[in-house]
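Each of the next two complexes has chain A plus one more chain, namely chain B in the first and chain C in the second.
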Partner chain A sequence: MNPLAGAVALNLAFGCSILSIIALIAYNRTSDFRLFLVGQRLGLAISFFVFISTFVLGHQLMISNFDIDYVARYTSFETPTVYKISALWAGQSGSLLFWLFILSIFNTITIIQNQSKHHNLMPWVIITLSTIQLFFLVLTNFITNPFEPTQADFEIVNGNGLNPLLQNITMAIHPPTLYLGYVGFSVPFAFAFAALVNKDIGALWIQSIRRWTLVAWLFLSVGIILGGWWAYQELGWGGYWAWDPVENASFMPWLTATAFLHSIIVQEKKDMLRVWNMVLIILTFSLCIFGTFLTRSGVMSSVHSFTESSLGPVFLSFVFIILVSSFGLMYSRIGVLRSPRRIESVSSRESGFLFNNLIFVVMCFAVFWGTLFPVITEAVNGNKISVGPPFFNQINIPIGLALLALTGIGPLLAWRGTSNKRLIQNFAFPTILGLLSSMFFIFLKMSVYVVISFSLCIFVVAAILSEFVKGAKVRKRKFNESLFKAIYKMIEKNRSRYGGYIVHLGIVLMFVGFTGHAFDKEKEFGIKVGDTKSVANYDFTLIKMYEEERPNHYAWITDIRVTDMFGNFVTQLRPEKRVYFHKNPDINKRQPHSELDIYSTLNKDIYSIFSSVSSDNLTAFVKIMVNPLVKWVWIGGYILAFGTVIALWPRKE
Partner chain B sequence: MIDFLTNYFFTFIIFVLPIIYVVQPFFMEKFGAIVSFESTGVLKRKKIILYRQIKELEMEYDIGNLERKDFSNRRAELKREVSLIINKLKKK
Partner chain C sequence: MNSKIFSLIIGVLLVVVFWIGWVSTNPADKKAMAQFISVESLVNNNFSQRLKLGGIVKDGSILISETNQLECSFVLKEGDAELYVNYSKTRPDLFKDGAEVIVTGEYVDGMFYADELQTKCASRYEGDLRNEANYKLEELDT
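Coming up: the complex of A and B.
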């Protein structure tokens, strides 16, 4: 397809977005339903033209049309097909088009899904979504167009190729997943905005967006976990989370979205926290745009940031417009938003949800402050200050542990208030188990945080299991079912509730993995063929070191034999040192890269990095890390996703 | 010649058809917002939500997360709301 078609489609989408907004505003004034239909169809047309544009760019990347600047910058003839596809979101203009592409998918689904319902909300839902699309269409049409021709007065023989760090299958999945999360929150935000405009603040709009919010939350969670997985597999520092600005950018909306998911339960069940819910969804969406700003603006250096640009002020202005218009509208509707009901007891489930919400928001603020403090300081007095993991860990570990405790406490509290008798009854088993385990961990001389974390994990698991047992017992008694059938039926009939508990279980397992970080061990050394070095009760013997030329890189490979303290064979590790673009005559354009090898088990990972090789090619410089319990972070992630899918699964009415 | 026609055909499909689709409602007769249809739909959805809330309330009570008095009051409240909606639906 001609690249011109992509550029024209983008232009048409821009025009349609403006016309859609005008038609729907006119419908609100005239009530002429034809205008609504035109506005709705223009909304679909925006998406259609964006799809065309994205497919054209994808096609140009596949056929390596280096006449387009974007294609020449991010692909080469040697780039494998899968990474030619992922090049679509590797650069700035492509990733903005991709954002728009996902938003257009969601926009289309929203319009089609609500063709015969929510006629009062839909005009404003489409206006809001079209406005968001308009913003990205302005960017891709006028500021950073992905179809810009190459500015060169010579024929381009080959493109630059994709950054080697991005040539990892996780990195081909991680950004789209994260984007699906970021963009997904546009829909609940649009419904919230429409509900505010129409003063239709009841439980209905919450019902309409519950599933959308869960879908977006699932993708954001999976995106964050995949980002951690990619960092662990690719960056070679042995960790998965470094409180890097781009990581924080995805974590902040996750925190407010998680708070939102919890507090809409209170609005659904008790018609409370209406204002709070509005604040949370507005913050979540604003933080999603802010996250895109942090990733794309280049205002902060990050291991996850692969582009720099001058888009910062444009994004910040958009965030400012969202905040001012939404909170302004909210202020004007404060009378309708106030709930007539109040929390009656501290020991009620409502107050548990509220505490949990406050802690999420406090954590979000701490992360926000820590992320932006260096930028603010530099802007005010010109001094460059870095806020690193020690700051974030010091603040967020206690907050995280408080959240973990509430994960267990919340389900044990009754709505409206819990009697003393019931409190003792519900808390006895998990508390005793938690205390006994803490004594055991103290006996093993573990540090304070480790003892607290592990004991809380056991407390929460016990609390969740007791909820499952209570529910199953009730069904068994009521319907005379077997235990397994009772558990199955109980989950089937109450998917959001028990899906949520399974998500909590996943979070607990992730905490087990995080706590394992306290036991990490590492050593860096030079090693010759036949030599043996020891790290954390393991022996590492370099068997051989060899070289290989591959299609898009040159590699030095070490073959390391790992044995345990008794001499038993454990595994063979093969970390590599690679040089990408090794044929490039300009030595500065060759890109070195360490490809790790990890031996992963349930109780520990053995992580190997081949840093460099001596000039005589005889000594390999290797770093070995032994990281306990890391695998539980990923297992927890799987369970979290599984629980969310259960909660999401549609039920028969 | 065939290339020329194919190009025009694709241009027509990709760019002209959406425009025809968008402007088509202007050739329909003027009509106002579908109010009655919408409110029936809303009422039906509200009814489903309330039924679901009653079921969940019973589950909460059976598990022991709700005192008897609260359960009875809330259940009566929800039932009242459902019967109001059913009456409204019957009238339509």
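Coming up: the complex of A and C.
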């Protein structure tokens, strides 16, 4: 396949996007249905050409055509096939094309899915989606084209290859999963924008995007968790979240999207919070684009940032246009947007949702504040002050705990208002259990935050379980079913509600894992064969250290025996220090890599990193970390994904 | 909106704004904040607070202690300005000559004692293309 075909396809997609927008605007003025059909088909054509372009680049990566600069920079002959595919999103121009590719898939599904639905919304939905595509087509056609030919005054006999750190299956999956989340919010945003233009503000647009929002949210959540898991397994600093600007960039839209997912329930059920829902979806989509700006502009010192490029101002301008046009339009529609109904009582479920939303948005603001703190302080007093994890933790731990509390409180409240009698009935069991457990944790002399966090986890689990038991009991009585069948049927009949509760359960387990961080212990030391060192009541004995030459790297391997305080054998850890490209005569092209070894249990992880070896090859320098409860973060992640899939699962007709 | 709810919302917002303001001015951990500064202005001025600097590791400047491999020093270069940096923890894999790094720590008597050392992450793996002189196919087994 000729690479020129890819570049030409990108050009054609650019042309089609402009024509599609023009045709649909003309349809809105003339109501000539033929113009709508032209615009709609051109919308499909944009996606078709983007697909061709992406497949051409994928093919060039597979056949190692180093005449294309992108292929020469991110692959080599030795790059395994799976990583030649993942090289598609390893670099800047490729990842932008990949963004566009996913957006085109979503655009195609939206158009096909709604061919005979939402006739008044669809023209503006397609215009909005095509405009977003146009923005990325401008970037990939004119600013950073992935089909740029290689410019070197020598023959490229082999490419650079993909960084060994990225040659990890999680790292191959993490970026596309995040992209699916980021890009997925384009569709709900497009429907919101179309609803605003058409003054069709009721529950219709909400119903049409609920599933899309949930899908995007699932991908964003899984993408964030996978990123943390990869960092924990590969990067060797023993943590999974560093409050890095780029991590924050994915967390901020997740917070507003989670708020949105909750508040659309109120609009669906009670036709309230219309303005608020508009604000949330506009913010979510803008934050997705803003996140891409943070990653690419180099404005923040992040470990993730791509090379500084001219893309920053372009992205920022796009965010500005989205915010001004959306909020401007919203302001002009404020009369029709205002809901005629009001929240009646503080102890109502609507009010619970509202406060949960408030906390999500406040947390998003806190993360935004910390992320942009260097820019803010520089503007105020000329000193650029950056903030680190202790700052984010100090601000966000109390906010997060308030959110955790609301996760338990919300489902126990009734719509419109909860009587005092029902308040006591619903809250008694979880509250008593939470208080009893807090006394137990205080007795164990745990710190204040740990006591609050663990007690709230127990309170929320008790609240969720009591909801399940209550529902199952009613079914059991009514249909004379076994408890198991009653629970199954209850979930099947009300998937979004009970799927949501399962997601909450996942979140609680993740909080258990986060709280375990308070007990982390670590030590770095040099150790000779036969020596023993102690960390957190475990003894680490270096049994042997040896070297091995393997097909694509050279490795020093340590064999560390771990025993507990009573001398019982716990595990054998074998962290490695590897050097990839070890035969490369240019020492700077050799790539050292620490291959960790982690002994993971439900209770704690023992995490070992082989830092370096002394020049006489006798002393190994290792870092040992004992991280309690980390596994619950990943288990919580699985449960979160499982609950979301249940909520998404289509009903039997 | 119910006035009770409205007052509660305002109350929550005020508490949070106060809380963010408080932590921004009085962080509990001294490692919570660091001032970004260029190598040049650090060399020419005295700073006692926690600092953050970015730059390139000068070629051939990395010295690793024979007795404790965790201890290393190197020269951080930003433009023409240079600074001696000491770091005694596990070094990131991408740390090497010419690597772009960010260090955080304190400046004492001409030496910067870093307790954090970050190298740019894998997504910045964008080096120069290889020519035949520095890369030969037969030298790399697959």
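Here is the rule we go by: the second predicted complex is superposed on the first by the 635 of 653 C-alpha atoms of A that agree within 3 Å, B and C clash if a C-alpha of one lies under 4 Å from a C-alpha of the other, contacts with A are read in each partner's own complex, and residues count from 1 in each chain.
Here, a residue touches a chain if its C-beta (ideal position, glycine included) is under 8 Å from a C-beta of that chain, and two chains touch if they have at least 3 such contacts.
Note that the structure is a prediction, hence the values are computed from the model and not measured.
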Contacts of A:388 with chain B and chain C, given as first, second, both or neither: second
Chain B versus chain C as contact partner of A:421, first or second or both or neither: neither
Which of chain B and chain C A:236 touches, first, second, both or neither: second
Touch count on chain A, higher of chain B and chain C: C
A:29 touches, of chain B and chain C: first, second, both or neither? neither
Which of chain B and chain C A:609 touches, first, second, both or neither: second
Touched partner set for A:594, first chain B, second chain C, both or neither: second
Complex contact set, residues of chain A against chain C: 69, 72-74, 77-78, 90-91, 150, 152, 154-160, 162-163, 165-166, 171, 235-236, 301, 303-307, 342-346, 351, 354-355, 358-359, 362, 365-366, 369, 373-374, 383-388, 390-391, 394-395, 398-399, 524, 526, 551-552, 581, 583-586, 588-589, 591-594, 609, 611-615, 619, 621, 623
Residues on chain B engaged by chain A in the complex (per definition of touch): 14-15, 18-19, 21-26, 28, 30-35, 37-38, 41-42, 45-46, 48-49, 53, 55-56, 59-60, 62-67, 70
Residue ranges of chain C in contact with chain A within the complex: 1-2, 4-5, 8-9, 12-13, 16, 19-20, 23-24, 27-29, 31-37, 52, 54, 64, 66, 68-70, 89-94, 96-98, 102, 104, 116, 118-127, 129-132, 134-137, 139-142
Chain B-touching residues of chain A, taken from the complex the two chains share: 5, 8-9, 12, 16, 31-38, 41-42, 44-45, 48-49, 52, 116-120, 203-204, 207, 268-269, 349, 413-417, 419, 422, 425-426, 467, 470-471, 474, 478, 493-494, 497, 653
